[in-house]
Each structure stands twice: as C-alpha cells, then as structure tokens.
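Structures incoming, each one as structure tokens.
Shared between the two complexes below is chain A, which has chain B as its partner in the first and chain C in the second.
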Partner chain A sequence: MDMSMRKETPLPGLLPGVALGRPLALSLAVVALAALAPWLVSAYELNLLARFLAMALLAMGLVLVWGQGGVLSLGQGVFFGLGGYAIAMHMKLAALADGDLPDFMVWSGLDALPWWWVPFKSPLVAILGVVLVPGALAALFSWAVFRRRVGGVYFALITQALALAFATLLISQQPSTGGFNGLTDFQTLMGVELGTPAAAHGLYWLTLALVVGVFVALRALMASRYGLLLRAIRDGENRIRFLGYDPTPFKVVAFTIGAVLAGLAGALFTLHAGVVSPALVGVVPSIEMVIWVAVGGRNSLAGAVAGTLAVNLAKDGVSSAFPDLWLYALGLVFVLVVTLLPGGLAGLVADAGATPWGKRLKSFIVGGSK
Partner chain B sequence: MNAMAATAHHIGTTAPASPLLLAVDGVTVDFDGFKALNGFSLTLDRGTLRVLIGPNGAGKSTLCDTIIGRVRATSGRVIFKDQDITHLPEHEIVRRGICRKFQTPGVLPGLSVVDNLMIAARRDRRWWSTFRHGVAAEEKARVAEILETIGLADRAAAPAGQLAHGEKQWLEIGMVVATRADLLLLDEPTAGMGPAETSQTAALIRRLVGQHTVLVIDHDMSFLEQLDARVTVMHQGQFLKEGSVAAIRADADVAAVYLGRTKGDTHG
Partner chain C sequence: MTHWPLIAGQVFNGFSVASLYVLAALGLALSFGLMRVINMAHGEMLMLGGYLAYLTLQVVPGPLGILAAMPVAFLGAAAVGAVLETTLIKRLSARPLDTLLATWGVSLILQQAARNIFGAIGVDVRAPEWLNHAYTVPSGLLEGLTIPATRLFILAVAFAVMGALGLLLARTRIGLLVRAVNQDRGMAAAAGINVRAVDLSVFCLGTGIAGLAGVVLALLGPVTPNVGQSYVVPAFLVVVLGGLGSLKGTAIASLIVGLFSALVQILVDVSLAQVLLLLFVIGFIQFRPQGVVAVRSRALDA
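After this line comes the complex of A and B, so read on.
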C-alpha cells in the first residue's frame, strides 16, 4: 500500500522531477543555444532578447502569484519600476562628481539631492534595493490586504490603482524623478563601461543565468509542500483555513517573491534598455505583463518564458510596422487566449502531447518509459 | 462573566479526568435582528456521539459555524478543553482539536486524493515548516490507513474533483479524521448518498466514536437509527429536546416542529 502510493503520486516535499535523462539534456541544449546567442544574432537582436529574458523573470514570478496562488496582480509594473529606478538612481549618481546633481535636477532648479536619493550612491544599497524595496513593499501591502481577506477581483483592482498611483507620482514629482522622461543616459555600472559589446554580452549572460536559476528554484518551490498548499489555498481557501492553516502568510510569501522577481527584472531591463520611465510601470504595462503569462500558460514556468518572448517579439514586429495597431492586436490575442486557449501555449503543448504523434515524440524525449 | 467561568470550571472538575470536551454556553448569534442561535447551550463529553436535528433554519449549521469560528457569537461562550475559544482565529480553533466537514463536500478538487489527506494529516501547520522536505513516517502511515478505511486506496492518485459525490463525502470525512481532531463536526455527511452508502457511513462514524467525539447533523431517520446515539433537537435557534432516537421519534413536540404545527395543534 505504502509502496504503491509512493510510486503513483510524488509526495509533497520531494524534489521535482529533475530526473536525469533526456528532458534534462534537452533543457541544457536550449540553454546552451541561448548562451551562444551573442555569436548567432546581431547586437540589436541580442539586446532585444536580453530585455525579453529580463521580463521573463517577472513572468515566472506571476506563475507563482497568479497561476499557483490564484492571486491576479495588475500592479507588477510597480515592483518592476522600483527595481529599475533603484539601479538607475545609482547609475545617475555614480556618473557625477561629489556634490553635483543629476542634470534634470539642475534644470528643475533643485539645489540639493533629495534625501531618499542619497543612499543609492552606494552600489551595494542600490543592488540590495533592487530586491529589498519591492520585496518589503509587497510584503507589507499584501499582508495588510490578505489578512483582511480581500482577494479576487478586489485585490486586482487595488493593485491596478497602485500602478496608476505609482506612475502618476513619478510623473508629478518631476524634479526628483525625472518625470515623464524617467532616468536615462547611463555611463558606467560599478566601473564597467556600459554600451560596449563586452558589457552587453556580460549583461546578457547574467540575465540568462538568472532566468535559469529562477526557473530551477521556482520549480522546486512549486513542487514543495509550500507549493502544494499554495495551490490548495487557490482552490479552497476556506477548506485550508478549516484544516488549521492560516492562508495569509502563504499568499504573502508568493506575492513577495513575485515582487522581488519583478524588481530584479526591472533592474536588468533598465540596464539593457538604458532607460527607465513611467511609461514602463503604469497600468497598461502591468496588464501586458499578465498577458505574457496568459499567452504562455499561467501554471507553466517554461510557458511564461515562451509567452513573454512571443508577445514581445510580436510587439516589436507589429509596433515598428504599424505603431497604432499594437494595443488592438494585444487585446485580440488576450481575448483569443482566454476564450480558446485557457492553458496558454503550455496547454497547447500538453494537448499536442496527448495525440498519438505527440505521445511518440514524448516517449522519445522522456527516454522510452511509458 | 465570572459566574460563567465558575460554572465551566465546576463542570470541568466534577470528574477526576474531566470528561467534558465542549461546552456551548448560552450562545446567541444575531444576524441583523434574526437570531439564528438564541441562548443555545450544549455540552459534549469526550468520546461520545451526538446527533443534532431540527427543521430547516433551526440553527444547526450556525452552531457548527460558531464552534469553528466561521460565525462569531453575539453573546455567550464556547469552551473547549476548559478554554474559551469563542474569539480565536479559525485556524487556531482547528489546531486546538476541532475539525468540521462542510455540507457541500469541501475537498480540494485540483489535488490528488492522497495530497488532500496529506495536507489534513500534517501536524505542523505553520507556514515556514512547509519549506522543509520529507513527510513524517507516522503521517504517511496514517494517510495509508485512512485511505483503506474510506475505501479510496485505489483512487489515491486521482484528482479529488473526479470522485463521485459519495466518494467526495468520504474523502472529506477522511480529511477531518486525518487531522486527529478530538471533536469532529460532521454536517450532513450522508447528503446525496444511497441507502447502502448511508449504512457504510453510519458504520464508519460509529468506529470513530471513542477515539473522537463526534457531532453529526443529519435529517435522515434511518441514518439516525443506525447511528443509535443521543439526539438533540433544535428549533428556532433554541434547545427543544434531548433523548434517545426512539424517544425523540415518539415525542409530540418534535413531531410538531417538523410538521410545522404549534403545540396546541398536535393534540387536536
């Protein structure tokens, strides 16, 4: 009895199926190919890929928050922006001689650095700030909201309001935030000259390594007992509460991890794009982030990465050819995915895997076991 | 307050090994003027079985909700193991040893049968402990035993949402038992079951008594007869009668409330 149970169902708490073999080999091949990208694609394409991979970190966080936790956040742009601004503030300050102010502050007539800029002079504070500021804000915010048992649509609306407020605040505080234009024109990061091919390659590989690391870590987290309980809370919060668990901290942890990954994504994106601005953090970008994950499949980490790459590649193509059409196209894609493809690309792959040809391919990949 | 505490204390110490597990003490639940419970009291001794009946709206489910903390008492107290649990958070009440089966099956549909039971059987329910790997052998053994008891051993890997209605009911009973709660509240455990399944459920519940204290809410008279327990009858949020199944069946007042007649009418 006990034996058969162990065989049929992976008990919670065991490491996920990192069974060595062909799936691992296949994954390694994909990662290796991605690592060779600097020699395979143009500098422009590499920069695009690097930005999209940075965004994929945020998308994987949404898999945990939305897919596994059932908590729809329409405010991930806030945490993305906090990470982006944290690193951007440091780079603006690092380029200055002591006592000087960033150019936009001078134009706005400021004569002293705002107090909250000062700590970001230190690279360590900036790098810690990239993860700690979004993480702390998310933990406090979500704890306050979840303990009052606010969830579902109401939670989504509150996060959307948060995104709106954050973007508005950034624009209105122009003298200390750079306003609508945001922060741009970065020269160096910790003594490394940005804008050289070597720096671009290094940042690309750093982003790729983080994507791989976060993928593995989140996979393990989702397979752990914590992941099981998070899904259980998603499916029946009251049942879990009346089994003696307090659902609040489980959801707070997921939301906080999602925010930390969004902050990390924002910082890397800022490095790749050379700019961070309110246009990247408001309501529309926050909804776009959810659409990446909806397209990829909200319960699949690989799907979220694929969805982010696919939607953003399409955005790059469509918006350079027909700048006005992109939001219509995105809206259409979202409607189609929600109505026809609730599992996203990952669901499509799973369905294809269930067909006879798919089964044959799968058995080849998995290595012959039924 | 002091007088009530003294009463509870007094009841708790009359026997050397306090047999009293639960005391619902004059509880009123007021929903905007409608008193779902109206000064209701009930005591349960350890290891006993009690059945609660009453017409629709009598307050049976509200009583369970109040014990488990889902609904808060407007006045009165709930004493469990000599401690006042009236105002504790729900998960804290469960951790003290009370678990409830809901009227509509409350299984987790997306999780496998065995995962449903594993979550229920977990002793350490603090969130940070869920990052640790491994499952206690004792918990595994208990889950395996419960799977056998509720007859779902061969469906262990199936998603709970795919079970038949009766199987879901049993799975939820299994989950409630897996928590090792001292007090099990079973709200309509045979809803939607045929006669054979109902008999099996009655046998299952009788086996639980002793190790657990069980409070069952149900309407089905043949089920009550098979349980053969003391019956408490509620009416309009208040205590009406208590006695054996036979005595309750023969009682004119009980018949009156079920048939919707007033006391005077029953003699006419």
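After this line comes the complex of A and C, so read on.
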C-alpha cells in the first residue's frame, strides 16, 4: 500500500517480505507429513496429536490477542469451554429419543429439559453456537471493559475472575451441566458413528485443515493494515489515540477472533477427547494456555503451534510418569521462559538464524539471495 | 420479621469477609501502585502464613500460641517476599504482564511444595479457648443472631493493620518516601530517594500482611495448599475496584466486594454470587474506570 508499512521490521517467525520459495515448499512438506500421520502413528498417538492440534487453534488466537494486541487473557478456557459444551450438548441430545432427558439430568431429578438446552437439538444451532456463543460473549465483555480504557493488568485480572466464575458455575449447576464430571459418552455426530477409525481420521484431517486455514488467514490478517494498527496500539495506545484512532474496536475484534478460535478448539477437542468438563476450562487450564504460546513465541503463529505441541507432549509424558514433578516443571517453565526467553522458541530460532552458520542455513532455505 | 437476624448476620459476615479481603489485597494494591506489578503468588503468602501458624502452634501450644504465630507469619512471609522481589520481580518490573506469568509459575511451585511437605488434605489450626465461643443475641429484633468470636477477632486484626499502616504512611518518614515514589517515581528518584529500597520494603510489607492474613484464615478452616487461591481472586477484583496504591480505596473496595458477596448470597448460591460479583465489577468500571479512589488517572496509563 504505502511505503511506511514496508519499513516495519519483520516479526520473528513470520518473515513478511521474504519471497515465497523454499519456505513455502518446507511448510507444504510439514503439512503433507502431518496429513499422512494416520498411517505413520498409532491410533492413540493420532488421538493425542489431534487434541493438541485442536488446542493449537486456540494458541494461534492468543498470538493475535496477546502477542500482536498486547492483551493478556487469563480466561481463554471460558471460550474453549463454551465451544466444547455447545457441541457436547448437541451430541447428548442427538443420542436420545424424543422427550427423553440426558442420563445425568434424570439422576438429578430434572423432569424437563432446561430451556437453554432446547435449541441445541438442531445440529446447525450447535455448530453456529460453537462460533457465535464465545464470539458474542467475548465481544460484549471486551467492549464493556476496553471502552472505559481499562486494560493491561486490570483486564488480565478480570478475565481470570471470569474463568473462575465460569468453572464454579458449571460445577454448581450440576443438574443442567453435568457438574464436575462434565458431559461425556457421545455416540454420533450428524449420523456419523464416532469411535470408528474412519471417523477418527476424518476428524483429524478436519482439525489439520482448520489449523492450516487459520494459520494462513491470521498470517494475512497480521500482515494487513489492521495487524499493523493492532501492533501500534500494543506499543503505544495513547499515541494511536492522539493520531485520531479509537483503539477499542481493534482490540475488541482481536479478542473476539481469539475467542471464536478458542470455541472452535474446544469443540474439536471435545470430539477428539470424548469429554468436556470444568477441569478443562477453569483458572489453571486457562493460564496454561498462555504458557503454550509463551513457550512457542507470542508473536509467531508457527511458534504457537510448536509450543502447544511441545508443552502438551511434555505434559503427557511427565505427568503420567511423575505427577508431582509436572507442576514443578510447569512452574519453572513459566519463570524461565518469561525471564530468559521472552521470544519463546521462535525467538530462539530467529536468534540462531542471526549467527554465521544460521545465516548460511537460512540462505539455503530461503533461496539464493544474500 | 424473622429475616432480620439473617440479613444482619450476612452484613456481619460481609464485614468479616471484607476484612480478610483487605488484608489480602493491601499488599497487592500497594506494590501495584508503586511498581505496576501484580504478584500472582500473593495467595501463596496467605497459605504460607497459615502453615507457619500451624508450625508455631506445634512449638507454642497454649492459649497465646495464635498471638505468637502472628509475628512469625508476618516475618516469614515478608522474608519470602524479599527473595521473590529481589530475584524475579525486580528484573521484570518494566513488563507487568510478564511479571504476572512468572509469579504464577512461582505460585504453582509453592503450592506443589506445600502439597509435598504437608499433604494435599490440609492441616487444622485450632482456635484457642478464648476465641472458641460465639455471642448470641438473646432477644429483640435480632433474636438468634450468632456472632462467632473468631470473626470479631478477624475484624479487630484488620482494623489494627489498617490503622498501623495508615499511621506508617501518613506520619513516618518511611511513609513520606512511599508516598513520594507513589506519586512520581522519576521525580522521587531525582530527589535522591532510593526508589529500589522503597519498592523492596513495600513489597515485603505487603507479603508480610498477607502472611498475617493467613494466620487469621487458619482460624476459619483447614490450611490447604490451595487456600490462598480462593481468597486471592476476589482480592484481585478489589485491586481492580480500588484506586492505585490507595489505602482508602482498597479498604472501601474490599468492603464493597465483601458486602456485595455476602448480601447476594441471601438470594442466590455461592457460584451465582461469583458471577454477579463479576458483573457488578464490570458494571462499576463503566461509571468509575479509575477505581473508587483515584490517585492518578488510569486513562493515560501507558
């Protein structure tokens, strides 16, 4: 567009302005390898990979919200949960004959379906709900806070209170939410038998396709004029205000996109894991989501995906072998990444790329230019 | 007419919950005003105070054990605060959001350490005889209203701490320095004030008060590894509602949060009360985004 936009230093891991040659080939190779995963790994490993890729959708949303927008959300679990519960409610209802109630409602002595469950009988409402419920809540909530120019640490603390309130509400309203156990035991989704290898492969490819699609879309968004202004607001909100922009809509849009991606992630995760429960949406899981992105690199989409996979693989490995050790390790990761490695893995790669050997490697990957 | 004792009881509960929030939030608010950082491990200072009270009572049983526990918990939590400030927070003070994440890591480690040392179930701190009774209103409008002595004790501690802190800030030289740094950090440094020393002492004072709050908390229920978490989130909301680094704002905001939670619990259960509190906070900042008491405007916080 105009020259001033081109002068911006490239973001680590994003590298705008680099000619798409070999990097594109490299990315395609990674995606192709991932697409072949159903034939390369066991069914259990494929399920893990599918869950982690679903979480990566949420992580890429956090890159936009936190890395680019400078808005730290400690409540992403809420939107993740809304997406997960929306699809889970539909699957619960779809498995029932007309007029029947889900098993846990019968056990709690409910004799009619709560009104807010009724629309989720329709698969269309459920799928729209996965996107619209988190999106609408996020837009309303962030607009109410940002429009009064309350941000930064205050916003982070309010989102944490939101996560706490949401998780407690889910647990306490046991008769209509399934309480602490959440919703589980799903059989079919829109006539497709879940639990067959074919369904598992299909869902995995769907997740992978969404990850690739969101990656490309967010990359374009971050390189656009909107992305530039979002970063400018992060670095100097008042300056942008003095230049005549209202920062509120920019931040609200970023937060809403992040919430929609979290909702999608929650729905896919629920399909892969076969369960959604308050343990996945509260204060602790919400802040863990931030650490995936911190480890990967808060400004790098590829880093966020890598960080999500790395942290969750480590969690799966360490916490099953030494459950006590995992919390120490996680705590230490929080402290060390933030103090020593604010750019995350992506920052580390960018630093390595600046060394003489790294430059050679980079010129090999990127192509002939110096 | 029978609901008057219930309402009066909830108002009293509101005051005693508010006094816990004020003890938990004072440290957060003071160091937030000064350094713009939030210590997410602040809840674990409450937990630490509780465990220190438990340990002190093992050494000093008897009726005065709880009084001995208070200085121990204050100094213990302040010492841990000093380590935290000098090793971690000092390095990150220019990046408030990163401080939040790093101190959350510390909080995870402290909680897990408590779980390994004391067990996940928690330990009991028994209130001494002189606190182990309740006053009941015998007749009149509030007949049947019961006020446990522990709750009166909590109120007394909160008032004593606020009084002492108020005097410290308003009347002493240390308080003068704190107020100066709070108002204008750069100017204070230029006038020769050792800004770093002020930061460190205020931070330690705050964690010490949280330790003290932990002792009081231990009288109400078992000390568990997560005990701090349940009090620290409302304390964060107190910081959002109160003014930056203002004693008065923190006190008023604690009272608002405590009374609001206690009174809506007459009508709804605890979990809905939490949701309503959050809605109330969001509603409140529509009218007063700068907090209850505004020392400085938040609007142009960079």
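We take it that the second predicted complex is superposed on the first by the 350 of 370 C-alpha atoms of A that agree within 3 Å, B and C clash if a C-alpha of one lies under 4 Å from a C-alpha of the other, contacts with A are read in each partner's own complex, and residues count from 1 in each chain.
Here is the rule we use: a residue touches a chain if its C-beta (ideal position, glycine included) is under 8 Å from a C-beta of that chain, and two chains touch if they have at least 3 such contacts.
Quick caveat, the model's predicted, so the values are computed rather than measured.
With both structures placed on the common chain, the touch criterion links A:Val253 to chain B but leaves chain C unconnected.
Chain A has more of its residues touched by C than by the other of chain B and chain C. Contacts of A:Ile171 after superposition on the shared chain: chain C is touched, whereas chain B is not. Of the two partner chains, chain C is the only one touched by A:Glu237; chain B is not. Of the two partner chains, chain B is the only one that A:Tyr245 touches; chain C does not reach it. Once chain A of one complex is fitted onto chain A of the other, the partner contacts of A:Ser224 are limited to chain B, with no touch recorded for chain C. In the superposition on chain A, the residues of chain A contacted by chain B and by chain C overlap at 236, 238.
Put simply, chain A touches chain B in their complex at residues 1-2, 4-5, 8-9, 11-15, 224-226, 228-229, 231-232, 234-236, 238-246, 249-250, 253. Within the complex formed with chain A, the residues of chain B that make contact are 68, 70, 89-91, 94-95, 99-100, 102, 106-112, 114-115, 118-120, 122, 125, 127-128, 130-135, 140-141, 143-144, 147-148, 153, 156-157, 175, 179. Across the complex, chain C is touched by residues 70, 72, 141, 144-145, 148-150, 152-154, 156-158, 160-162, 164-165, 168-169, 171-173, 236-238, 283, 287, 290-291, 294, 324, 327-328, 330-335, 338-339, 342 of chain A. Partner chain A is touched in their complex by these residues of chain C: 32, 36-38, 88, 91-92, 95-98, 100-102, 104-109, 111-112, 115-116, 229, 233, 236-237, 239-240, 269-272, 274-275, 277-278, 281-282, 285-286, 289, 298-302.
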